[in-house]
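Chain nomenclature is as follows: A, B and C, assigned in order of appearance, with residue numbering initiated at 1 for each chain independently.
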């Protein structure tokens, strides 16, 4: 078919869809979406990378669902089956495990870039809140998914994690019972965590992602205040590039890079199977959670068992709770009552938090 | 010249996309195709037909990754134990003449309840459950 | 003898926890002969005077206040198993535990015997420990033939001959702090027994007059049995008493050595009995297993025992004789299997370290190791064909597992190739995207002059 005719056919097809789906208004909207161009533009990719990795998780997760069995008698064996018997099962499973870690890393980078580039300012407070909720969900995904292979390290990591939940005052034991589906970590826990991991959390995440993205579209992408000042002072605007196709093509490059990294990790450092969980065996020496929980884990290890009259662990958990709450409320204390930005406070807090997380995660890994 | 360049980019991009997407979709397509052995090993293992076992005989059966000793001690009596000796992990066997489970390594002996009768083993053998479904014998872990 | 006594009323130092079955020499019972302890004891038991007879024990009270050797028994006696069953000093030494003054407490008229002569110690212990009616009250399954055994032993015979240096009950079991055999602190607990025997038997000065070697303990400590016992804590591992007996300790006769070893190593003993060596060694009055394996310093056996400079076959056979060749042949077969298994292990290890799943093959390799053990056991038949049978089975397993390992490595290489292909495709796409961006934008990213935010 000559190219001119081909093009006309394509246009007719698009018009057919447009009449029914209203594509034209979407295209109109997208054509106006822009992304600021400045020295910090690099950081704008991380939100998209996090989203991309989430999509990778959903897709590989669905594939794993074709073979995984969520009971203590079969979970480990089904994962072993996937790793050894299913064609490319090793690839899908390793990508799922590595992408989980990369997604959480990307989410943290995204969050800290928002802090340091001050994208949480009015009117983007809800975007910040929904983003933090998504980070919490991502950690929940990580925690629930970790148990599913039912190996020694999963079992004991879950035991330690739910034990910590139990030490929350007043609601602790009920919370632990809710998480475990009983008094101990067992088959009921596995069923429950599976349900959280494949149904509850994805549902919540989808809703929050939709909200988060809708808010980003509504408010546009923010520029850091010092960049804004530089341009508005001379009466101009911060330079922008069209989202489509310019930024999007670059975003595609970032996504492809992520895919390349995932492929290398999966092929060269495949995720291990471990040993099947034995609830009656004692916890292996040096048990520790995944890296994203290492900082609080190591902190708790350092706190003495009793500080004054309070139990050390309780104090630690209370500390984390307060820290989390304070951090969640960041947009609200980042600006004082007169509307002046507490820039140095926010930067300092951000730097301290990064330093704390990085140092303690490293220490937790080495010790 | 711009057209040529555009053409080259088109080919490069098109080729790259097709190749990369292909390298993603090929494993996925293979993955969803169930493998030859469609079941993962489970809590229960089939050990064969009942009539293939003589009364007062024992056979080693593979249970996942561990050996299990299946003994037909009577017409309708079946026993199964972990075949790993609790002394130094040698594989035990059933001695028909003496009706004991014996370990050749250091002469350890267990009775038909898995308890240690003589020799160096410090602990009894773990027992497994034997069920018959029709003519088939199945060995499974204790609950 | 005058001693300063600290008069103490009330309970004895060891408290009122144990039933107090002591002999109380009642006033006016001087008609009882000093050696009438046993009937008195039985009388006491019969009267059922248990805890009612509170723990007045003047022996402990006084001796605890003395010094050195006279004090020690009083201090340690509470740990003694006899004390825990309600016995006291007077049950062996006689005397009156209710009398506070030494002349009363240590009155020969009240049965006081003082420190028993060494050669009478076994009989003293046997008075109770050979009496089944008595022992039954404390432990119905307790053996009562120790003294009878002892009298047949070397120690017993020498004591009877008047040799004071030979071992009696108290040399092994200790005297005032005797503990149950199961108690890890007892000198005759399986983990401590060899050291107890060695106290005399490794002492060159002590053993000089008997003209027997004193290197047994040193040798035993090099052995695989000691390693199992002391380092792995395997209480079933043999020590001195397992082969020599305990109360009836005597070196085993040459003819019975193999029976002793065979009580655990049944397979080897069985094969040995059926082999040519059995009759040959018997006719030469050689002790079976110990000819090749030694007696006290039994080391982990290996093919080095069959052929090479450390070969034990050399004791009788030349290396180039027919028998020597058989031994070398068996050693070669076993070495071949060992090497084959090791190479499988290496391949599987490499595959596992590269991240491949080879746990099933690693497990199968265990069967190969079992075949190796069987091959080593089969050497006792002196028949190369038997060894061959075992090594063939093992070699099959080794080949199968090596194949599995090599397949895993091939799969690993395939994956890496696939990765390279995917990376190249990704790189091409990235290059294409980059060029597309450049062609759309020119050299710099465009800046939209207007645009709704």
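What to note about this one:
Everything that follows uses one rule, which is that contacts are C-beta pairs under 8 Å (C-beta built on N, C-alpha and C of every residue); 3 or more make two chains touch, one makes a residue touch a chain.
Keep in mind it's a predicted model, so treat the numbers as computed, not measured.
Taking the mean Cα position of each chain as its centre, C sits at the greatest distance from chain A. Chain closest to the overall centre, judged by the mean of its C-alpha atoms against the mean of all protein C-alpha atoms: B. Mean C-alpha positions place chain B and chain C at a centre distance of 36 Å.
Mean C-alpha position of chain A lies 57 Å from that of chain C. In chain C, the positions touching at least two other chains are 359-360, 418, 422, 426-427, 429-430, 433, 436. Residue positions 80, 91, 256, 259 of chain A are each in touch with at least two other chains.
The set of chain B residues touching two or more other chains comprises 20, 24. Chain C makes touch with chain B in their complex at residues 234-237, 263-267, 359-360, 363, 370, 373, 377, 418, 421-422, 424-433, 435-436, 439.
Within the complex formed with chain C, the residues of chain A that make contact are 32, 34, 37, 80, 83-84, 90-91, 219-220, 239-242, 245-246, 249-250, 252-253, 256-257, 259-260, 263-264, 267-270, 272-273. For chain B in complex with chain C, the touching residues are 2, 5-6, 8-9, 12-17, 19-20, 22-24, 65, 87, 90-91, 104-107, 119-122.
By the touch criterion stated above, chain B contacts chain A in their complex at residues 20, 24, 27-28, 30-35, 37, 40-43, 64, 141.
On chain C, the positions that touch chain A within their shared complex are 355-357, 359-360, 415-416, 418-419, 422-423, 426-427, 429-430, 433-434, 436-437, 440-441, 445-448, 451-453.
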